[in-house]
């Protein structure tokens, strides 16, 4: 199968991205990562003790994975820029997921500030993946600013509420040439599967896995579901009908027998 | 993984059942079956030319699969009973999916007639899997009558409308010791995935696969999705929250730095 | 407006039916009834102390309303028949809402028993309104047995979960000549409104009103919503479009000005 | 009832706003307006022939209604500002609904441009009601810029798709002190009713009424539904339960009888 997702010049076979937050024990992360099949993993830079030789979330990230540091905790463009530069300087690579959130109740991303960061960091050579509210114009602004993908939310962070913004995500997918990666809110594999069926390029799932009673098993479930949704998108779903339609002709079975 | 579904004394690894109707070309069936991973395949007995040496839908059913003949076309209990006996006499085995449908517009199953057939055939040693409207009392009656599973519909046959009867299927799952196999209406893998997340024992998908532009690929997608949904059910989904919850502490990143 | 609902030869202007259960204080009932505009009110006969001169729920039922006694508490056809006869003998009239429920967890109606009662009571001259799971064949059986209307549930009793059985209720409305009255589960006026938009003949609401912090106000809300839904059904809703459509031409405003 | 909506110092009894677009015949407008009970009506200024003595959509707007000119057709802040000023100069009053839309496929509002217009016009003394994508930060920006209300969309203009943005509208209502008026996409009264139950301050409906086969009747339906939803919000809906709950005690009816 030759269906790869390209982000920042990197070819990815897996369309599930995972996170590192909310695990009761960070030592679970390698098993979760392996079960999920994910190749990209995001980590909040503030959780990384850049100076510590050990005892760090970074110790638990499998070496083969693409690291996607994020700017969680940033409340302004300036803070996000600073975090991104620190991440790169610390050897975390040039991928960066932008989160600029100044509202602590709903944790929604600030589109205007996010666009500012994106423009600055893209010019500095970062591969910028901005977390965003699914808004057509914000997505276009981010694309113009040099984003490598857009990451609209399905529901507020950590809620497991699913694909509540479906209407607007469908519009972004219709409108954008950039990959649309659904991030936040996906609590069950069926929801990630549906996002993929709609044509999302990938899904990022953190709480949906970490809040499960069995995160490793749930990671495998999300991996399968994302693959299923992608395959279904490529296969093309049949039309939905208003009224029933028999799987085979309804007449003539017993009548036709001698 | 030791999570097998037992039906009529048979252990199944795959929880996706597939059908044989509506394929433009029956020669697609082996590839669909393989891609799906299914171990059980249903066929309308009236589509089987019992006397023909070749040119038959049966020619396309992989030999290793468990055959589930169905009584599609039966309008009364008597017709269904007759079809079931013919199937067994013709060497189709003793599994039988009961469909008794007298309404040709909505193709909904008649619970009362279905219960009658189930009782008769169970006594004759058939492994009876009745297609049904998700109704608590009908399910109990079928269980008492000796059904090996119940097969409630997600939506009318052939509609691809999804899990429209979710409320009642959840109640059957809560109430029944028998496996609850969602049958009919599942048009996209995410819908089958959701049924499995709810605790369904399996899903039967025919139109959802056959009506795809690429049935083989769609079969693989449904296989992955059903597995994902089962894994998620076993893992246990995290709670849904009303308001947002950060993946990691939101304060103190930049402030704490020297 | 000449749009009346006829049940058992009686013309009704209001398509909202109300109940008498779960009010903290039965003395609220007259104000609720007036605010709702309802002309039909159901009461569980077992709540009626047939021998008591006062202190009875019946004391609170406005005299002008059509009484619809119900057989709540009946677990078999025989019990329901006995309750119905007691109700008529006690002067409650010949309308009867059949509830036969033997499952105390989900409180779902038993279709088979309900059909038996309906047949018996219709022959005795009752105006029979059976509460039912929305099942096409059960509805037809009830119609054949002489029911004056069918009363499918929207969701289990007392849940306020809304119109969860929409798919099947639409099929009943498509199939039945009898009035289809949605009963149980409607917790908010928008849900009753939607049922009416689909072509339901009426809605019965009890918990949705009684569980509100202000039942009188909520009763008025349900009355307005049912009327709105009926009007919308008669007016005919416009088509739903996939993509946007401007309310007025989008070009040429400023350009055309000198 | 003392529940009035105040916008720009004006007290409104009706919480339904209507439009003037898409009527086959503008002569229907007075009857629609009367049936709806609306006190506010929006009109696209470009549809107004400011110089014409007759033959104008304005001729059909009832004299007692509050006029809400809108800037439909504006693609930039500058165009919207110009239209607003023209409207006021032409005697249309100082209320203005801002629409800045540069995407002609989805007709979604541009939040950034809308905020610019709002700031300019609020300073000029207009009562500014901006049409917007439901975004927390945009709403706050509009509030800071002096908007009199915010008007988030339920679905793209003219689609009749309903309250697809429910998740985000709930957040705006939770966050905002300004009235939240749901505008666009509401195709059926039940959808407007639901928006009001959630705590929306009002709804603006145009296509939902104009595309009905009987716009006058549909206008009345929307008027009733909006009132119902508001009453339900004020009354407070009862809790939703997962499992059934009897309306009255389920035991002891027949048993207790002698």
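A few comments on the model shown:
Letters A, B, C and D name the chains as they come in the text, with residue numbers starting at 1 for each one.
Assume a contact is a pair of C-beta atoms (placed from the backbone, for glycine too) under 8 Å apart; a residue touches a chain by one contact, two chains touch by 3 or more.
To keep track of the chains, here are their UniProt names: A, B, C, D = Thiazole synthase.
This is a predicted model, so every value here is computed, not measured.
Judged by shared residue numbers over all numbers used at their interface, chain A (Thiazole synthase) and chain B (Thiazole synthase) contact each other through mostly the same positions, with over half in common. Per-chain Cα centroids separate chain A (Thiazole synthase) from chain D (Thiazole synthase) by 34 Å.
Centroids built from CA atoms put chain C (Thiazole synthase) at 45 Å from chain A (Thiazole synthase).
Counting only residues that touch two or more partner chains, chain D (Thiazole synthase) has 105-106, 108, 156, 161. If the chains shown are joined wherever they touch, the resulting network closes on itself as one ring, and no chain has more or fewer than two partners.
Residues of chain A (Thiazole synthase) that touch chain D (Thiazole synthase) in their complex: 102-103, 105-106, 108, 110-112, 133, 135-138, 141, 155-156, 161, 164-168, 171, 174-175. Against chain D (Thiazole synthase), the residues of chain C (Thiazole synthase) that register as touching in their complex are 19, 21-22, 44-47, 72-74, 79, 82-83, 101, 104-108, 156-161, 187-191, 193-194, 197, 206-208, 210-215, 217-218, 220-225, 227-232, 234-254.
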